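Each chain gets a letter, A, B and C, in the order it is written, and its residues are counted from 1.
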Amino acid sequence: MKKLLAMLLSLLCIFSLAACSAGQTTDGSDGSASANSDYDYIAANGKLVIGITLYEPMNYNDENGVLTGFDTEFAQAVCEKLGLEPEFQVIDWDMKESELSSRNIDCIWNGLTVTEERRENMDFSMSYLTNKQCVVINSSNAGTYTDTASLASAMLSAEGGSAGEDAILADESLSQASYTASDSQASALLALKSGNYDAIVIDYTLATASAGTGDYTELMIVDGIQLANEEYAIGFRLGSDMTEKVNAVIRELIDDGTLASLADKYDMTDLYEEAVGK
Amino acid sequence: MYDISNWLNSYINEDFIRVTVQLWKGFGVTLSLFFLTLILAIPLGLVLAFCTKSSFPLLKFPFRALVYVIRGTPLLLQLMIVIYIPGIAFHSPITKWGMFGGNVARAYFFGALFAFVINYACYFSEIFRGGIENIPKGQYEACDVLGMTRSEAFFKVILLQVIRNILAPMSNEIITLVKDTALARTVAVTEILFCAYEFLKVDAIIWPLFYTGLFYLVFNAVLTWLFGIAEKKLSRYYK
Amino acid sequence: MALLEVSNLKKSFQDTEVLKGISFSLEKGEVLAIIGSSGSGKTTLLRCLNFLEKADSGSIEVDDHTIFGGDDAEVASVLASTKQIRKNRLYFGLVFQSFHLFPQYTVLQNLTLSAQLKALKENKTLPRQERRTKAEIYRTLDQQAMELLDRVGLTEKISSYPCELSGGQQQRVAIARALMLTPDILCFDEPTSALDPELTKEVMGVIRSLKSSDTTMIVVTHEMDFARNVADKVIFMANGIIEEKGTPEEVFDHPKSPILQSFISNT
């Protein structure tokens, strides 16, 4: 019996190694010792490695193949003030916590929503945008789905584990609907387009960038529905002194109007003003 | 001993039990997908093998083309075609088909199953075709002169020899199938990896993802063991 | 009337005429040896008799039944159907050069397999009260198989698999398997060519013993000793025709055709 236990334990140990490296254990010495000198570490490298995924309007390649977007330009502006070279690294969004703690990247700067769960694994900068969740439907159903009550018997989807999923489960009417989690927001959009779902709940920024464009011309945001808001912020390693340094720079950029004009450029003035005020 | 039980407790906590239960549920979906694919793709593959080696051109060429296309494109793409194309191209979304009774999970499961069955039937058919073509002509002639019908000859004499010929390539393909079921995650089939990703996204815990490896490993160990037995049994007839 | 009557059998592969009109007859209980160099058409002749090849023209009659071709085109086309062929080919048994035993079955099962299938099908056509149970049928066939294995001297090998037997033993099993369906004429296609001399003797001994029990046989062979000592009739084939036929004495001691003369002096 003891042998069996020992075997089980060693297996568990192997399969839980990643858990340790992700900073799951709070008593681990892994994070705290180096966290004090996180800025020094980054400054010594001379560059800030920024974890992103490619999506409009935050980080995407323009028609010339040059990386641009609100977060891209924002990060470039901040790095310039810090005297660091920004290096954008495309990551698997699902693996962002371990990418961060393993120092593959130095921060997550990609429309990252602030949540209580995530606070256990990372530090957040100040919020710079308000993230709204919105309902997207096929415009042929515009007359049918006008508010949350009309969606109570519809087929809904959102990305599994996303803020959109939380919004559906928290809403009195939407939680009545038949809900299926999607693999990603992109595949939720595709499934909506194919009619597999009647409505999906996704980030407002993604919804405005995709609904009505390209192959999604017949998709539209339902205007009348207000769902819970969240905030976008930059994620750093737990206890990192980068958070303070970056916050100071963000304040400078707010004060000199750089960030406001950036928001204007990407048509997100309302989201920006909700987060930091006018 | 105290240390070990302390250490044990830190693992066998609520999270561990919750994750294990959830992953078991997901693994149930994985196994359903695996076994149903196997049960349906093997006979279909046999039929396809006969079609592609038929001397009748109307049968031979369309099915050869099908096998070529299916083998030449990623399963991931085929999954997406089954799930999204009925709605996008034909305005008949798979989730609204009457036979699924408005159950989205069921529609996705059977949609994915369909893609898996077609894909694996095509791979199996090529293995079967090779296995059948490798049977010496003399075996058929011996059946002929003993007055057996074509189907008696096939089922009583040829089939087992075909099985022996294809056992090694089939066991490879079947173990690949176990792992390929993970692709169904992308079309929202709640198999084991999908469940593990949910923990990643919702609770930000990573280890369930690696824990799934244990499920796959143990199951493949059982399969490998069974194939070993089958190989031993069949090799008895040959030196 | 002879047991087997073959008239003017012709067969071509693409442009090559392999059988150019073969006619011969065979009485019940006779042993016919067919000799000739490779490519002379002797194996094709045997395969035509067993319907492994379909002859182009000519006729085959066994025991006064026309089983292939004939003068009446309508009858001939009926005879060419798969079902009729399956029935008619059972007048013949065939032992192959390389045995072709079924590897996944034991010696006993190799003998009984096709007989079981046949008996079960016949049983179904009987009126209900006359039908026998599967177990009864199998028991009778096992009995018959045991007797045949006794005749070829392999009773101790009934549970062995073909791969566990020597070539000579495998060929003896193949002979017993062909006899299981009680053919009127047993054909051998170079039955010892794949065997070394010692094993050849063993198989030839079995064929000799079959002759003493009045089995009608056609043996395509390279064994001149066998043809001379065992056969009642010898046919010498060359270039798709019967160059010469007669008793062993006539063929071997007084060959008329120059081709046969050089063939005999070369072997």
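By our rule, contacts are C-beta pairs under 8 Å (C-beta built on N, C-alpha and C of every residue); 3 or more make two chains touch, one makes a residue touch a chain.
In this text the structure is predicted, and so the values were computed from the model without any measurement.
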## Note on the structure
Looking at Cα centroids only, farthest away from chain C lies chain A
#### Entry: Chain closest to the middle, measuring from C-alpha centroids that were averaged per chain
B
### Summary
Note to self: most contacts are between A-B
### Task
Calculate how many whole Å lie between the centre of chain A and the centre of chain B, each centre taken as the average of the chain's C-alpha atoms.
35
### Task
Could you tell me the distance, in whole angstrom, between the mean C-alpha positions of chain B and chain C?
47
### Query
Whole-Å distance, chain A centre to chain C centre, using C-alpha means?
82
### Message
Quick check on chain B: which residues sit in contact with 2+ other chains?
### Response
none
### Message
Counting only residues that touch at least two other chains, what does the list for chain A look like?
### Response
none
### Query
In the complex of these two chains, what residues of chain C are touching chain B?
50-52, 86-87, 89-90, 92-94, 96, 98, 100-104, 113-114, 117-118, 161-164, 177-178, 181
### Message
Show me the residue ranges of chain B that touch chain C in the complex, using the header's touch definition.
### Response
136, 138-139, 141-149, 152, 156-157, 160-161, 164, 234, 236-239
### Summary
Counting only contacts in the complex, chain B reaches chain A at residues 4, 7-8, 11, 80, 83-88, 91-96, 102-105, 107-108, 185-188, 190, 194, 197-198, 200-207, 209-211, 213-214
### Query
Which residues, counting only chain A, touch chain B once they are in their complex?
5, 9, 11-12, 14-19, 22, 24, 94-95, 97-98, 117-118, 120-121, 155, 157, 159-162, 178, 180-183, 187, 190-191, 193-197
